[in-house]
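Same chain, two partners: chain A is paired with chain B first, then with chain C.
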Partner chain A sequence: MIDSLIDKDWVEALWLILDFALAVLLLGLAAAAVGTRDLRRGIALFIAFGLLVALVWARLRAPDLALAEAAIGAGVSGALLLAALRDVPPSGLPSVGARGLPLWLLNLGSVTLAVLLGWALLLALAGSDGIRLADLALANLEHSGVSNPVTAVLLNYRAYDTFLELGVVLAAVLGVLALGPARRSVRPAGPVLNSLIRLLLPLLIVTGGYLLWIGATAPGGAFQAGAMLAAAAVLLRLGGDATAGLPGAVGQRWLLALGIAVFAAVGLGVSTGGGAFLAYPHDWAGVLILLIEAAAMLMIACALALAYLGGRPAGWTIGDREGG
Partner chain B sequence: MLPEYIVFGLTGIGLFVIGLRAALVQAAALARILAINVAGTGIFLVFVTLAYRGHDAAPDPVPHALVLTGIVVAVSATALALALVRRLPATPGEDGDD
Partner chain C sequence: MLDAVGLALIGTGLVFFAAGSIGLLRLPDLHSRLHALTKADNLGLGLLAVGVAFLAGDLLIAVKLLLLWLLVLAASAASAHLIARHARLRGQGR
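Let's turn to the complex of A and B:
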């Protein structure tokens, strides 16, 4: 270990410097991203901010979150915001003072809120008895069917939360679909981007499959894998594919329903033996979790791709009206 | 004695307040959506700091799972908000910039 070679105080000091540098960079990038008048610049800074947040998750020993943040928080959110920038006329982006409120009052309120919240956090930590759910979660890991504790929490101990979360994703994407047709396709990309897409696409799909499989034992899982597939769809769309590689409207409906349908079917299936909803039998837990995650990955990928398109792709019909 | 990694928790609070203030001050809907995302990240940072238990101890996986759920919900909400913004100019009775 390198710790034994270097004086322990030095290691501690280096960690402290790193932590403070990360904190200052985070606050600076956030302030720059929300404070700029040029929205395109703000979005670029927001993507950089997301990547820095992924580094912070890695620093705080949360590799699952680092993967998700890099792929979803910085990647997909950034792509969504950049795509939405095309909907806004370039002149229509004024940054004005708070409507109705004087700015000094708002600043005073912000500082007061920050101090109050900081104080509350310090009090909460100082008064904490150190008892966490962590010990319970880690102690029961061998019964969960997976060995990655975050996957165990997501799809076993608190599977009900994740089930309802997929419901939230579905509701949001239904809202997007209901609000109007998709954006018009961008003009076809040049040969350089096209050959890059040809190289990246198989890599993204293989990475998605890998993240799904490895999620049982190491950082990864359905969300990160779904974001990889969604990234592939975004690339295809940038390459000029109007439907971003998605199947037809009927196929999209099935994909969107799949995550919740498989989750519910497994949950009800295991409860027929007298158990509770989503209480997997011990021997089957690993297989059932992989099954649910595979369906959730496809659903999330489809939902994020549709979100990037910004509405109903060609072929959707609502009532009598054609979608595209 | 508080652990030194509390700096991340305080940074999280800072991010939340920066995002909240910008969401109130900015006029452009897109800028406000971006600001809400920054504020949300601040809340996630507080959670993950509370999950951290030092270099040598395994962190608490429960807040990690909650934040992972939060990241996915945040991007879904962002997508819906952006779709609403896109429809805003087409709404009758609105002049689009208020």
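Let's turn to the complex of A and C:
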């Protein structure tokens, strides 16, 4: 952007200072978020931490991850945590040690995880100069149907991983639905929040569609787009809409199944010609990826909205009992 | 020349951000803190956006930055109102 300045030494020095400040702040916020005893304070620090992580990803030239972290890591997760905070009893949560798992086991697990992560980092930094996966991914980009390498990895080379990830999302939202009825609706919003919602809602929906479409060529994709739609649902809920703008229970079931169903149908469909599961034919790859991503976006948005509601909205029936 | 103007605007914007942050830390109660944040930071962000638009030298980017600034203005005005209203209903912040 500022080409005329980029080769000057002092700009390099400024970037270095900025990166150093980011790294120090990131570690400080992480320590503060984990260390505080006040849950509300911890959540606020965690949201700030997520925004900072998004900045760090942007500095590492990973705009896809920066977008996902800002939308899901800081935005939606923050909203989920704040909503869950209202369920904490006034007496506070029972301490970890009282919940069955001995503390030494948790500490041992944490230390093991830290050692493994350190080992992985060491390998990544000092590893051999063999064939890197990134080179392979870029070399085959023209066959993938999209020109954004991240989307190519997620929806083409490693589409099976993404397929299973949607399965994880579905399993998680089934767990949420099993928790019980949704949280009680907040009181109706005042005129100021209502006009803000009226302003933001169409923008969020258009941005979601844009992120879905642009994901083929630039940072974006189903997860970021789904987070945008989920943010619209959260806003509606904050405005007093008890179901957060979701369709009825049958519609929600269809939306939740859609992501997996379209993915599986496409995967099986392309394998009828003798190919492997999810090995798209070259000419159709772009269209099929867009189809899968559109279905996945709707499913992710519905799942996140249900997670924010924290249970079954009105209209769900389990056996012969009303869900709401 | 345009770069210099842009950098100057960004520098001025940062001064307003600093003032807003100091106000948040130093002012005595919730309402004056909100006042410091919403006034100073919104102006700072506007100056920052104009400065970045000068550096980019592209009309499309300038329009995008303007729209972003307007969005942040709307969101920050509404959230400051919500925080103040919540505090008033709870009888805090006086």
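The rule is simple: the second predicted complex is superposed on the first by the 272 of 324 C-alpha atoms of A that agree within 3 Å, B and C clash if a C-alpha of one lies under 4 Å from a C-alpha of the other, contacts with A are read in each partner's own complex, and residues count from 1 in each chain.
The rule is simple: a residue touches a chain if its C-beta (ideal position, glycine included) is under 8 Å from a C-beta of that chain, and two chains touch if they have at least 3 such contacts.
Just so it is clear, the model here is predicted, and its values are computed rather than measured.
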Notebook entry, point to check: Which partner does A:113 contact after superposing on A: first (chain B), second (chain C), both, neither?
Noted result: first
Next item on the list: State whether A:158 touches chain B only (first), chain C only (second), both chains, or neither.
Entry: first
Notebook entry, point to check: Touch check for A:223: first (chain B), second (chain C), both, or neither?
Noted result: first
Notebook entry, point to check: Among the partners chain B and chain C, which is in contact with a greater number of residues of chain A?
Noted result: B
Notebook entry, point to check: So, A:172: does it touch chain B (first), chain C (second), both, or neither?
Noted result: first
Next item on the list: Once the structures are superposed on A, label A:196 by its partner contacts, choosing first (chain B), second (chain C), both or neither.
Entry: second
Next item on the list: Would you sort A:180 into first (chain B), second (chain C), both or neither based on which partner it touches?
Entry: first
Notebook entry, point to check: Along chain A, where are the residues that touch chain C in the complex?
Noted result: 1-2, 4-5, 190, 192-193, 195-196, 199-200, 203
Item checked: In the complex with chain A, residue positions of chain C that touch it -> 3, 55-56, 71, 74-75, 78, 81-82, 85
Next item on the list: Using the touch rule from the top, collect the residues of chain B that touch chain A in their complex.
Entry: 2-11, 13-22, 24-28, 30-31, 33-35, 37-38, 41-42, 44-46, 48-53, 55, 58-62, 64-69, 71-80, 82-87, 90, 96-97
Notebook entry, point to check: Within the complex, which stretch of chain A touches chain B?
Noted result: 15-16, 19-20, 22-23, 26-27, 30-31, 33-35, 39, 42-43, 46, 49-50, 53, 56-57, 60-62, 64-65, 68-69, 72-73, 76-77, 80-81, 83-85, 87-88, 92-99, 101, 103, 106-107, 110-111, 113-114, 117-118, 121-122, 125-126, 132-134, 137-138, 149-150, 152-154, 157-158, 161-162, 165, 168-169, 172-173, 175-176, 179-180, 221, 223, 300, 303-304, 307, 310-311
